[in-house]
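Residue numbering begins at 1 within each chain, and the chains themselves are lettered A, B, C, D, E and F in the order written.
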Amino acid sequence: MKFIDEYRQQDVAKHIAKKIAAAVNPERSYHIMEFCGGHTHAIFRYGVQDLMPANVQYIHGPGCPVCVLPMGRIDMAIQLMKTEDVILCTYADMMRVPASGQESLLKLKAAGGDVRMVYSTQDALNIARNNPQRQVVFFAIGFETTTPPTAVAIKQAQAQNIENFSVFCNHVLTPAAMTGLLESPEVAQGDQVQIDGFLGPSHVSSIIGSKPYEFVPQTYGKPVVIAGFEPLDVMQATLMVINQINQNRAEVENEYSRVVTPEGNRKACALVDEVMTLRDSFEWRGLGFIANSALKIRPEFSQFDAEQRFACLRDSAYVIASDHKACECPSILRGVKKPTDCSLFGKACTPENPMGSCMVSSEGACAAYWSYGRFRDTHSTEVNCA
Amino acid sequence: MKFIDEYRQQDVAKHIAKKIAAAVNPERSYHIMEFCGGHTHAIFRYGVQDLMPANVQYIHGPGCPVCVLPMGRIDMAIQLMKTEDVILCTYADMMRVPASGQESLLKLKAAGGDVRMVYSTQDALNIARNNPQRQVVFFAIGFETTTPPTAVAIKQAQAQNIENFSVFCNHVLTPAAMTGLLESPEVAQGDQVQIDGFLGPSHVSSIIGSKPYEFVPQTYGKPVVIAGFEPLDVMQATLMVINQINQNRAEVENEYSRVVTPEGNRKACALVDEVMTLRDSFEWRGLGFIANSALKIRPEFSQFDAEQRFACLRDSAYVIASDHKACECPSILRGVKKPTDCSLFGKACTPENPMGSCMVSSEGACAAYWSYGRFRDTHSTEVNCA
Amino acid sequence: MCLAIPAEVISIDRDTDNASVAVGEVKKTVSLALVEDVNPGDFVLIHVGYALEKLDPEEAEKTLAIFAEMDAEMAPETTTVEGDRA
Amino acid sequence: MCLAIPAEVISIDRDTDNASVAVGEVKKTVSLALVEDVNPGDFVLIHVGYALEKLDPEEAEKTLAIFAEMDAEMAPETTTVEGDRA
Amino acid sequence: MTAANRFPGKLNLRTGKVDMSHGSGGRASAQLIEQLFVKHLDNPLLAQGNDGTVFPSPGEQLVMSTDSHVISPLFFPGGNIGSLAVHGTVNDLAMSGARPLYLSAGFILEEGFPLADLNTIVASMAQAATAAGVQIITGDTKVVEKGKGDGVFINTAGVGVVDSRRQISGERAQAGDVVIVSGSMGDHGVAIMSSRENLEFETTIESDSAALNGLIADMLATEADIHCLRDPTRGGLATTLNELAQQSGVGIKLKEQAIPIKPAVHAACELLGLDPLYVANEGKLICICPAKQAQQLLAVMRQHPLGSDAAIIGEVIEDPHHFVQMETAFGGNRIVDWLAGEQLPRIC
Amino acid sequence: MTAANRFPGKLNLRTGKVDMSHGSGGRASAQLIEQLFVKHLDNPLLAQGNDGTVFPSPGEQLVMSTDSHVISPLFFPGGNIGSLAVHGTVNDLAMSGARPLYLSAGFILEEGFPLADLNTIVASMAQAATAAGVQIITGDTKVVEKGKGDGVFINTAGVGVVDSRRQISGERAQAGDVVIVSGSMGDHGVAIMSSRENLEFETTIESDSAALNGLIADMLATEADIHCLRDPTRGGLATTLNELAQQSGVGIKLKEQAIPIKPAVHAACELLGLDPLYVANEGKLICICPAKQAQQLLAVMRQHPLGSDAAIIGEVIEDPHHFVQMETAFGGNRIVDWLAGEQLPRIC
């Protein structure tokens, strides 16, 4: 497959690995945060870590929309299902995310709730068209990658007058997450977690471009290399971060130039801007409330805003929910802890029975570590196979 | 079981059989129409015919509410299901009755229509209470026996403000049917069908009493004996009819005096009268349109009248539907033909696959004859087992 | 369709106007909305979940007596009343 | 969640603004609502049923060339580009 | 390796519910099998843990049978779908005169079904299997989305061994034979109807669901040349007799008064307008044998707890129409036809 | 007595639909069985028409297996639920090294299901059974109300005969063995997903659903001491290998590049974000045998049409953790874990 297979070649990987081995300064360590879950997944699935020198360490970042959505928002969706006769449409990833009181959308569905997994916002619109007597709510989550398709659906619902369709908007912004992360005490003070540079988002950047990350080198002095999600992209971008570090540079570089431009996709951005606007503040799992970090639907489209349509989704109904006491997701999402630092990892918490969001999506650090990487760790494997 | 077992005793049956044998005049025949399907059923299920002299013949009457409901009314209910998102509740007997175009409520249900079999109007009310967002329509059919429970439900719906409940009223009146029958050309002229006397309705009479039948002897000169549905009741009443015939009497006698009084159940009648009123005219299968032969819901309760609520149930939407060309139900319901006179009987038409309403209810003449009595008839049995 | 059977009233709930009735060994709840002056021990005719009418035990006796009556021309025969199933 | 893959545009339905795209031997219909100036033969990045952006073949070539680039201190080695599955 | 460390955590049998992952074939499926199914059904053959289970052939002549169970409600007076699923196939095997030995069990679970209920059901299966002397040696579990199933459906298939000299078959009834039933008719169906939500009547009747292989073993130990055995399940006595009449090309003449029916079953049928001859049974059998051996057989049957009410209810006659006819208790005659339409849905 | 005169009228296989009476056990049930099921599946054993079917024991050592099939959609490129239901159990029997012989079939039909579709499905079953050399000798049909099923579910259980000296079992894998697959992985699952209403992609991939007993017969005819056979169905190759590793108490080390996967399957998985190692198969097998016999076995497998793409994909190693590990095509290492959650629902 063109534009895929080329970026997974073993011989090229070995070649880049050699270059990295040659580039690193054996006297120091390199702590590189891969921002996205897509990177995390690629690193584990392809075994990229095995090709890295020992002093190059990946730190798993918060770039998994499923992982960062706070429980309070899922609680709201569940509350909606319990109080109103709606069809809730959502992407499959959301089904297993734990909500308060051991609930989840999957359990709600098993108990008879009408939750439908969709592959596209177009599916949700079709469900609304086919069920004119039911309220159909699209539970929208995701970063800038996934936001434009939501905006398109809202515009279509307006144009075609699909009155029973609305969107519960939970779209969030990656640059704001980076700020939140860099401002978090452990990172800002550098005593608990050291980040020497970032692999920047790939598909998010295809929409917003690479420019929005320039504040990272400028304000925080850390290099960012926009990196594709194929394993060679990850390796090459890693090399580029290492080179910046070695050369004491801090700038935004773009390894993923076959898709990402500095400005991004203007049409998509304009569409999002037409339909949505900034929220004053939004809670992120692990990062707390971050100003201007999420989107809501503009008043012009309030007809399709589920938060306007259903009282239980109003801001005033929002209740901050506490994660499972022992779950370390918040720290893991800030790069402060590793999955194996969590006492529940591989015991109470596995992908079959996730206690935290990082164990749900295959892009979550805990899930990736458990499913692909736990042979590296005696501690965790012994739990499984005493 | 008290009041049941006493009326099914073999030794008493033999005793009454002897009295009948002794009573009949061997020079003549006695053609007695059992008005009700309940009688028909008892005659076949218990083998009453076997205990009768050869010159006493039962003629099966139109007293089966399922059998006399014209197809046009079922077509309306099906149309309702197809155009509105309603839950249709009905007694089980209605499910298999053929409608136009090979349809039936059973087929509609199998195709996904929300048809619910109920045992009582109380079940229909409960379904309405439990599905406040759905329209629940009770497809009410039946003679005077079944009408008062419908009236009670409508009164309750009003008292408890169950707004999503309504009734599609198809209740019909037995005395009117008797008139229709006696006025039909074949009976009135007596050349095609001879009726020497009637076994009169039992449970209908428990509500309306025995008085309403007095016009039959008075106007038409034919004896009527109100008869219970137990086999001994049928035999004793048969004897009483024979005695009237032999004595050239024609009056209303009451064999079923343990339940039926001349006046009937005044409370029930008053309730029906409060909620319902006469229709000008109503179609009966086999008897055509008969004036003042059915009930509709009074304007005071129009809120619960499905004919008012749904356009497709209005009188103006009624279309007379033609029965299957070869089906002899109309003639059978007038006593003009016997099931075995129908060319479809036991071939295309069986209880599994009824072509006419008389093959549906176990009280229908065709069904009773097929299921219990066909060993008596070489013609029909050869069809089954060549 | 007009199936209806006699049942004995076991107890009455005056609030709901329902009665618990027994047909042999089987019990069922029915509405008393259509009948008046019903008391435990009475028999009622039940149909589609409603009591339609009370049964009159004396009339029932009379009917049974008529069943058993001898015609002038007939020889006497056993006519004791009993259930057909033990 | 941000899974997106490159696909070749096979044909475009301008009425619905949808395209039939191919990922290897598999075809799928996606919306072109988010992209402009797309033509058959172009590659687009597809995500949740939408084309997100066009791919730039020249930039792709450049990146592959960089992957293959020799560092000063390294010996030459095979770097031909080919699929990993025949 | 024990269950405790093979799976992190334990199946929540108190408040847990079946979800789609339990049917995925993945670790959740394996956990369900180990911590629920195998827990109850454990035996050395099942423990092989392979796709198929190997066992030594029990004899020269074998019998195989299957039944899916889709009963509603799942729990009823006298049993539940689990015990029923064992009895259903054990009995069908036994009706060939076989000794039932091995069962398979296939579960189709609806998403959201409480694990606690499933646990109860599988425990009942285990109990019923032990009581009947059979082993469940292989199984399968599938999960369907909510609204695509009805709690749980259970298929059982079974294998038994039969004496090669035996010839028990529905085609062997002949004029001169008599028809015996092992006990009262309709108990199972009435017990189930009594627990239906929208029927709701009170009765002391319990399902007769039971394994009949013990009773049949006693019957086979007599000299009698049993021609036919069949359990009158769906469609009841009436339909099963019609099947046999059809298969053997004979007529059957019943005496209504001879058919054992419990007063409460009779009453329930009056109440619902049903004919007890069409109501399902699951722990009763019909036996057809030469008239001259009937009394001996009857005596043996009555010695067994499941045959104490056994009775001769009619005789096989010649009839080119293969009718089942009945002399009514009232003194008349009628046909007892096949069940038309449905009596009441889903009783087995 | 022929069908034509036993039942008035004929089953309407053109526009008819399943209704509750077809599951009542009454005449409508009998008609469905005779005019649809027996029409296609007819064989002398099935024709016994009794509750259980009697057959001579085929040998000393027997195998039994069962699977319920709840696939959605019912019809897919390369087959339908009928052929699948035959292959599913034939293959599970064959995985013990057995010769599959007899199947039972249990149908759970949803009210309203088109008889024309049922007819097609049963015809496919008959064809698949004939092709696999097995007979369907006993069956059962139940009908559930609309909304309590999903068109049709089919359970099959089967009996086969195995050479007493054979020992093929999931617990026999040992270090030094190699892992062979008979062909490309994931075809069945991808074919099914491609016909799902809400996934809808176009591919030329057809289900690999097939009976493997012929291929296995050829394998058994070699000298090789086959330790394990298993078909990687639900949960795919990954999950099945984990089962085997667990059961034998070993580790398995795979080479990603050696695993045959068709380009179109690979592409479809990329599109859907799936891992082909977790996608279901129904006409493929995993064989574990000593390394020194592998080439011989492979050569024989490749002679058979169903084994032409057979390949050695890895080896059995000692590992106290019983991990299945894989050297990725990229050059790294990773675990290949059990399937967690569900891949995609209802593929078998």
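Methods note: contacts are C-beta pairs under 8 Å (C-beta built on N, C-alpha and C of every residue); 3 or more make two chains touch, one makes a residue touch a chain.
The structure presented is a predicted model; accordingly, all values stated were derived computationally and were not measured.
Student: Please give the intersection of the contact partners of chain D with those of chain F.
Tutor: A
Student: Please name the chain that ends up farthest from chain E once chain centres are defined by their CA atoms averaged.
Tutor: D
Student: Taking CA centroids for every chain, report which one is farthest away from chain C.
Tutor: Using the mean of the C-alpha atoms as each chain's centre, the farthest one from chain C is D.
Student: Any idea how many Å lie between the Cα centroids of chain E and chain F?
Tutor: It comes to 28 Å between the two C-alpha centres.
Student: Find the geometric centre of each of chain D and chain E from their Cα atoms only, then give the gap between the two centres in Å, rounded to an integer.
Tutor: The computed centroid separation for chain D versus chain E comes out at 61 Å.
Student: Round to the nearest whole Å and give the separation of the Cα centres of chain C and chain E.
Tutor: Result: the chain centres lie 37 Å from each other.
Student: Compute the distance, rounded to whole Å, between the mean C-alpha positions of chain B and chain C.
Tutor: Each chain reduced to its C-alpha mean, chain B and chain C end up 22 Å apart.
Student: Name the residues of chain D that each touch 2 or more other chains.
Tutor: Counting only residues that touch two or more other chains, chain D contributes 3, 5, 23-24, 84-85.
Student: In chain F, what residues contact two or more other chains?
Tutor: Within chain F, the residues that touch at least two other chains are 1, 6, 20-21, 26-28, 147, 263, 266-267, 270, 322, 329, 337, 340-341.
Student: For chain B, what residues touch not just one other chain but two or more?
Tutor: Those would be 1, 4, 8-10, 14, 119, 123, 350, 352, 384-385.
Student: Going by the touch rule stated at the top, which chains touch which?
Tutor: Applying the touch criterion to every chain pair yields A-D, A-E, A-F, B-C, B-E, B-F, C-E, D-F, E-F.
Student: Would you pull the chain B residues touching chain C in the complex into a rising list?
Tutor: 1-6, 8-12, 14-16, 18-19, 22-23, 36-38, 63-66, 91, 93, 119-123, 141-143, 145-146, 148-149, 152, 201-204, 206-207, 229, 232-233, 236, 255-259, 265, 267-268, 271, 361, 363
Student: Help me check something: in the complex, which residues belonging to chain E touch chain C?
Tutor: Checking each residue of chain E against chain C gives 200-204, 257, 261, 263-264, 266-268, 270-271, 273, 329-330.
Student: Going by the contact rule set out above, which residues of chain C touch chain B in the complex?
Tutor: Where chain C meets chain B, its residues are 1-6, 8, 23-24, 31, 33-36, 43, 45, 47-50, 52-53, 55-57, 59-60, 62-64, 66-68, 71, 73-74, 77-85.
Student: Under the touch definition given earlier, write down the residues of chain B that touch chain F in their complex.
Tutor: That would be residues 106-107, 109-112, 346-350, 352-353, 383-386 of chain B.
Student: For a test of understanding, state which residues of chain E touch chain F in their complex under the given definition.
Tutor: Against chain F, chain E makes touches at 1, 6, 20-21, 23-30, 48-70, 72, 91-93, 95-96, 98, 102, 104-108, 137-140, 142, 144-145, 147-150, 153, 155, 157-162, 169-171, 230-231, 233-235, 239, 242-243, 246-247, 249, 280, 322, 337-343, 345-346.
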